[in-house]
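Note that subunit A is present in both complexes that follow, paired respectively with subunit B and with subunit C.
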Partner chain A sequence: MGAILSIAKTTIGEAIRRRVLLVILLVGVLFLVIAPGLSVLSLRQNYTVLTSFTLGVIQLTSAVIAIVLTVYLLPNEVERRTIYTILSKPVYRWHFLLGKYLGAVGALGMMMLLMSTVLVLVFRIMQQQASMDDVLQLATAPIFFFVQMSLLAAVAMFFSTFVSPIVNFFLSGGVYLVGTLFSPVFQDLSNNQTLPAAVKGAATVIHSIVPNFAQYNIQGGIINQGPELRSIELYYVQIVVYALFYIAAFLIAGMMIFDRKEV
Partner chain B sequence: MNRSLMLAGLAVCIAGGAIVNRMNYPLWQENFSPRKDSDLRGLSGDQLLIALAGFREMVAGILWVRADTFFDEGNYDAILPIIRLVTMLDPKQIDVYATGMWHIAYNFTDEQSRSDRRYIPSALALGAEGSKNNDYTYELFFETGWLWYHKIDDDYSNAAKWWEEANKRKDMQTARKNILAMAYLRDGNMTGAIEHYEELWNAASDNFDKNPNDFQARQNVDTLEVNLDNLLVRLAQRGNFAIENGTYDQYDYDTRPPYDVGFTAQVTVEDSKILRVEGTWNVQPVGTRVRIVLRDKDKPNLRPAALKWDQGTSVDLEPEKDMTFMQDGLFVKNQAFFRRIDMARDPTMYPFNSDNYVIEFYYNPRSAPPHIQDRFGFNGEGMTDKNYLNTDVREGQRVIYAQLEISRDELLRQGEWATRTPVKRTIGFIPTGARNTEEVINVPGLRNDVQEGQ
Partner chain C sequence: MNLAIETKDLTKTYKTSSGPQSVVKNLDLQVERGEIFGFLGPNGAGKTTTIKILLGIIDSTSGEASVLGNPAGDIESHKKLSYLPEKPYYYEHMTGVEIMQFYASLFGIKDRDLCERLLNRVNLGNDMNRPISQYSKGMQQRIGLAQSLLNDPELLFLDEPTGGLDPIAHIEIRDLILKFRDEGRTVFISSHELSDVERICDRVAIINKGELVHQGRLDQLLSGGRIEITADNLTEDVANKFRGDDFTVSFKNGRLIADIPDSAHPGEMLDAIRAANGDIVSVIPRRKRLEDLFLESVAGDNVLKGRKMSKMTDDHNAAEAVEVAKEEGAN
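Right after this comes the complex of A and B.
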C-alpha cells in the first residue's frame, strides 16, 4: 500500500508541474471568470446561461485534463526509462498502475476543486439573491463530474497499456463521446419492443459494455429548477457504485495487459 | 497476480456495472433526461457537439434571447427554427414551449389578419411534447387546453381533457381552475361543470374557514358562489334540468320554441381569389359571428368547417403547403352580414392547387356568448333553420351548416369565368341591399313574439 501511495504522490507532483495541464486549467478558470460577461447575451436567461456555461466549462476542461493527464502517464515512464528504476524495487506492476491512476485522479481532483471554488465565487457574486441551498445544489454537479472524469481516466489508463498517447487520446475521447451521447439511445433501443431481437440484443450488449457517462450529467436538474427529483439519493449512490465497478474493471483489464507487456 | 482471479474480478465488475446501469436508467430518464424519449435526431452535427460539450442550456438560452429580436422585427419565419432548436436543446424551457405554441397558432396571418390554421396541428404537437417533457407543472397542459378552447373554439372535449390534467398538478393556480367548468359546459357536460364548481367551492370554503381574515380566500368563495349560482339559474331557465327529467315539453323554457335564424348567403367572386360574402341571419347582432371556411374539397385531415386539428405528436413546422384553408368570422349587423375576403395577396397561405373547393358556413351555439346561449341552449335546442339546421356534422349538437361547391376556375376567374362573374347562393337567398350599411344598429329580441312585434 505504501508503494502505491508513494507512486500516487509522485504522480500528483509531476502532474501539477506539467505546463500543458496548467495551461488547460488556466483557460478553464479564465472562462469561468469571464462567464458573467455573457449576461449581455442572456436577457431574462441570466441564471440559465450562467450556470449552464460555467458547469459546461468545468466539464469540458476536466475531460480534456483527464485524458491529457492520463494518456502520457505510462508511455512517459517507459520513454524516460524511469519505470525500470521503480520496477526493480519490490513493487508489482499492478502497484505501479494503480498508483499512477490514483495519482492522476488526485491531481484531477485538485484541479477540479480549484475550478469549483471559482465557480462558487462567481455564482455568489452574480446571483446574490441565491440561497446557500442553491449554492450547495450547484456544487453537486462538479462532484459527479469528478466521478465521471475518474471513470474517463480509468478508460484512458486502460488504453495507455497498449496504444500510443495520440491514439489513446482519440480512443478515450471517442469512448467518452459514445458513452455520453449514445448511451441513452442504446438503452432506448434495447427497451424497444418493436425492434428485431438481434438489434435489441446488440444494443443491450453495447449498452452494457460501453461506460455510461451520460448518467453523470446531472446539471439539467440544477439549471432547470422546476422538476422535483425522485429518489435522488439512491440515484447518486448507484452512479457512484457503477463508477467503482467500471473503474475496477478497466484497471483490472489494464493490469492484465500491462502485466504481460514487455517494457 | 492470479490471472484467473483477475478474470473473475473483471467479469464480476462488468456484470455488476451493467446491472447497476439498468437499475439507474429509469431514475435517470425521469430526473435528468433532457427529453423523455431521448430524441436528438433533429439536431445537426455541430449542434450535437454543442449539446455533448455540456452547453446545451446556455445555447438554448442565448438563442431564445435572439428570437426576441426577430419578434421585434416581425420576422416570424425566422423564429420557427429557433423555437424547435431551443426545445430540442433544452426541453425544460417552459416559456419557449408556451410562447412557441402561441406564436405558431396565432401569429402567421394573411393581409386581413386571418390566422393560417394549417399551423395549429403543429402548435398542438408542440404543446403535447412540452407537456410530456415537463409533466411536473400544470403550465403546458393549461396552455394546450387554452389552444383548444380559444383558438380552435369548436372541440371543447379536448380542452377539458388537457385542463383536467393541468388541475392534477400541485402548482395549478386557484383562479385558473374555474375554467375547466367552462370547458365542460361548452362540451355539453353540465353535470361535470356543476360538480367541478361544487368541488372548488368546497375547497375554497374550507380554506376560508381556516383563514377568515384572508381577503383572497373570501373573494375566491364569493366568485365560485356567483359562478355556481349563475350556472344553476341558467341551466334551469334554459330547460337543461327539464330535458334530463323528461319534462322539457311541458313548460315554457327560454329555449322554447326554437328560434328560426333564417340563414341565407351568397358568395360572389369579384376578382381572382376575392370573394364578396353577404347574407341574412335573424339573430341579435351583438356577439354573433357566423364562421365561413373555404377549403379544398378532397384532402385528408379535413372535416366539416374544420381541420382534423390533432394530427399526432410529431412537431412539423412546415404546414401542408398544398392545402388551402381559409377561416373567417362573418360579423352580423342588423340581421345581415357582409364581408369582402381578399386571398389574392397571400399566395403561400392560399395556394389553390386543387381543382375543387367548398365554401362552408357554420354556426355552433356552444361557441356563442352566454346571452345567445340563453336562447339557443348549449346544444342548439332553442335554434332552428328551415334549410340548414344540421345534426350530423357535430355529433349530438344542432348547428347551422351550409356548403357551397366552387371550382378552381371560378375562384381564380380563369377559363370560361374570365369574363363571367361566378355567384353561389344558398336556398332562398334574400338580397340584403342597403340594410347593412345603416349606421343605426337595430337590436331585435330573440323571442318570437318580440320578433313578430317589429
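Right after this comes the complex of A and C.
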C-alpha cells in the first residue's frame, strides 16, 4: 500500500509540472475567464448560455488533459528506465500500474479543482444576481466530470499497456466520443424490441464495452432522466458505482496485460 | 545452496522482423556469495538482457535462473537485492533526499536518517536538497549507488556503473564497490572498463553474441601469460624458425621481436638465438591482460581480428622506440 501511494505521489508531482498539461490547463482557464465577455457577444446573453459554455470548456479541457496525461505514464517510465529500478524493488507490477493510475487521477483532480474554482469565481463576479445556491448547483457538474475523467483515465491506462501513446490518444479519444455522443443511441437500440436480434446484440455489446460517458453530463441538475429515476441522489450513486465498476474492470484487464508484457 | 546466482541453459529469444533472434543462448552462470563478479561482453552481447531476466523484468524463453535461492523475479528476493540500471534516470523534479525517500518507501522504509546517511556515504551530503536536474552524471551515478544500498542488500546488480564518468568519479565508484564486498555483499557488475574489472573482480564471465565464452577466477583465466623476446643481429632464416601458431613475430633490419606463449619453451628459443650469434636485448614476461582474453573471446569477428593484429604491431613499434632511445642514451 505504501509503495502504491508513493508511486502515486511521485506521479502527481511530475504531472503537475508537465508543460504540455499546464499549457492546456492555462488555455482552459483563459476561456473560463473570457467566457462572460463571449456570452455578451452572443445576443442571448443569459445564465444558461454562460453555464453550458463554461462547463463545456471544463469538460473538454479535462478530457484532453486526462488523455494526454495518462497515455504517456507507462511508456515514459519504460523509456527512461525508471520502471526497472522500481520493479527491482519488492513492488508488484499491479502496484506500479495502480500507483500510476491514482497519480493520474490525483493530478487531474487538482487541475480540475483549479478550473472549478475559477468557474465559481467567474460566476460570483459576473452573475451577481445568481444566488450562492445556484453557483453550488453549478459546481456539482465538475464533480461528475471528475468521475467521468477518472473513468476515461482508466480507459487510457488500459490501452497504454499495449499500444503506443499516439495510437492510444486516438483510441481513448474515440472511446470517449462514442461513449459521450452515442451511448444513449446504443442504449435505445439495445432496448428496441422491433430491431433484428443481430443489430440489438451488437448494440448491447458496444453499449456494455464502451462506458456510458454521457450520463455524467449533469448541467445544473438537468439530466436525461429515465422513467425509473426516483431521486437525483440515487442517480448520482448509481453513476458513481457504475464508474467504479468500469474503472476496476479496465485496470484489472490492464494489469493482466502489463504483467505479461516485456518492458 | 551457496550460490547467489545460478542459471542453467538460460535462453532468451526475441521475435524480430527478421525472424526469431536469440540474444542469450544456453547460458550457465554461477555467482558465488560474497564475490564481485564481472559480466563482460561487447555491445549487444546480451548482458543487460541477462540482468533483466535475473530481476524478473523480462521472462526467459527457456532454461532456469535462480537468484538468492529463489526463482528469478521472486518478490521475496527483491527485498534482499538491488539494481542500478545502465544510464539510469531519476525524476528530475525531486531533490536527492526526496528520491531516496521515494525508493525507501518502496521497501516500506520511512527512515529519513538512513537516506541522509547513505547520501553522505556517497559524498552527496551537501547536495541532498538540490533537485536532481542539477546533478552531474557522476552525482547521478552516486545517488544510484546510494539508493541501491537502502535495503542493505545481499546482492547488487550494477549495469555499467562507471559508464561515462571522469577518472576521479570512476575511482570513487570503484572504491565504493570494493567496500561493498568487504561488507559481505555479492556484486554482479557488467562493465566495459576492463581495467576496473581486472582490478576489482574475483571472477568473471565473458559472453559474446549471447554465448558464454569464459567463466572463472580472474587469476586462473589470466594465467598462461606470454613472453616477449627481443634480439639483434639475426638473419631472416633464424627468425623464420620462430614462426608458429599463436606466435607473433616481427623481423626488421636484423632485429627480431617475438611474442610467444610461455608454454612454448622460451629456453630453447634463447639457445637458438645464441647459437646463431644473436644478441638478446630483452626477455619480458607478460601476464595475460584481461583485454587480451576479452579480444580472444570475441575474436570470431573479423574486425576485431584486424584490430588485434594492428594493436600488437603498435606495441612492438613502441617497444622498439624505447629500445632505440635506451641505446642512444647509452652512447
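Just so it is clear, the second predicted complex is superposed on the first by the 248 of 263 C-alpha atoms of A that agree within 3 Å, B and C clash if a C-alpha of one lies under 4 Å from a C-alpha of the other, contacts with A are read in each partner's own complex, and residues count from 1 in each chain.
As a working rule, contacts are C-beta pairs under 8 Å (C-beta built on N, C-alpha and C of every residue); 3 or more make two chains touch, one makes a residue touch a chain.
Treat the numbers as computed from the prediction; the structure is a model and nothing was measured.
When the two structures are aligned on the shared chain, A:135 is found in touch with neither subunit B nor subunit C.
In the superposition on chain A, contact of A:84 is made with subunit C only, not with subunit B.
Using the contact criterion defined above for the overlaid structures, shared-chain residue A:10 touches subunit C, although it does not reach subunit B. By the touch criterion defined above, A:92 reaches both subunit B and subunit C.
When the two structures are aligned on the shared chain, A:177 is found in touch with subunit B, with no touch to subunit C. Of the two partner chains placed by the overlay, only subunit B lies in contact with A:59; subunit C stays clear of it.
Of the two partner chains, subunit B is the only one touched by A:255; subunit C is not.
Contacts of A:2 after superposition: subunit C is touched, whereas subunit B is not reached. Comparing subunit B with subunit C, the partner in contact with more residues of subunit A is B. Judged by the document's definition of touching, subunit A residues 92 lie at the interface with subunit B and also at the interface with subunit C. Partner subunit A is touched in their complex by these residues of subunit B: 1, 3, 6-7, 9-10, 13-14, 16-18, 20-21, 23-25, 27-34, 37-38, 40, 48, 51-58, 60-62, 64-65, 68, 90, 92-94, 134, 136-137. If you check the complex, the residues on subunit C that touch subunit A are 52, 55-59, 75-76, 78-79, 81-91, 93-94, 102-103, 105-108, 147, 151, 157. Those residues of subunit A that touch subunit B in the shared complex are 38, 41-45, 48-49, 51-53, 55-56, 59-60, 92, 94, 177, 180-181, 184-185, 187-188, 207-209, 211-212, 214-215, 217-221, 223-224, 226-232, 234-235, 238-239, 241-242, 245-246, 248-249, 252-253, 255-256, 259.
Residues of subunit A that touch subunit C in their complex: 2-3, 5-7, 10, 13-14, 17, 80-82, 84-92, 262-263.
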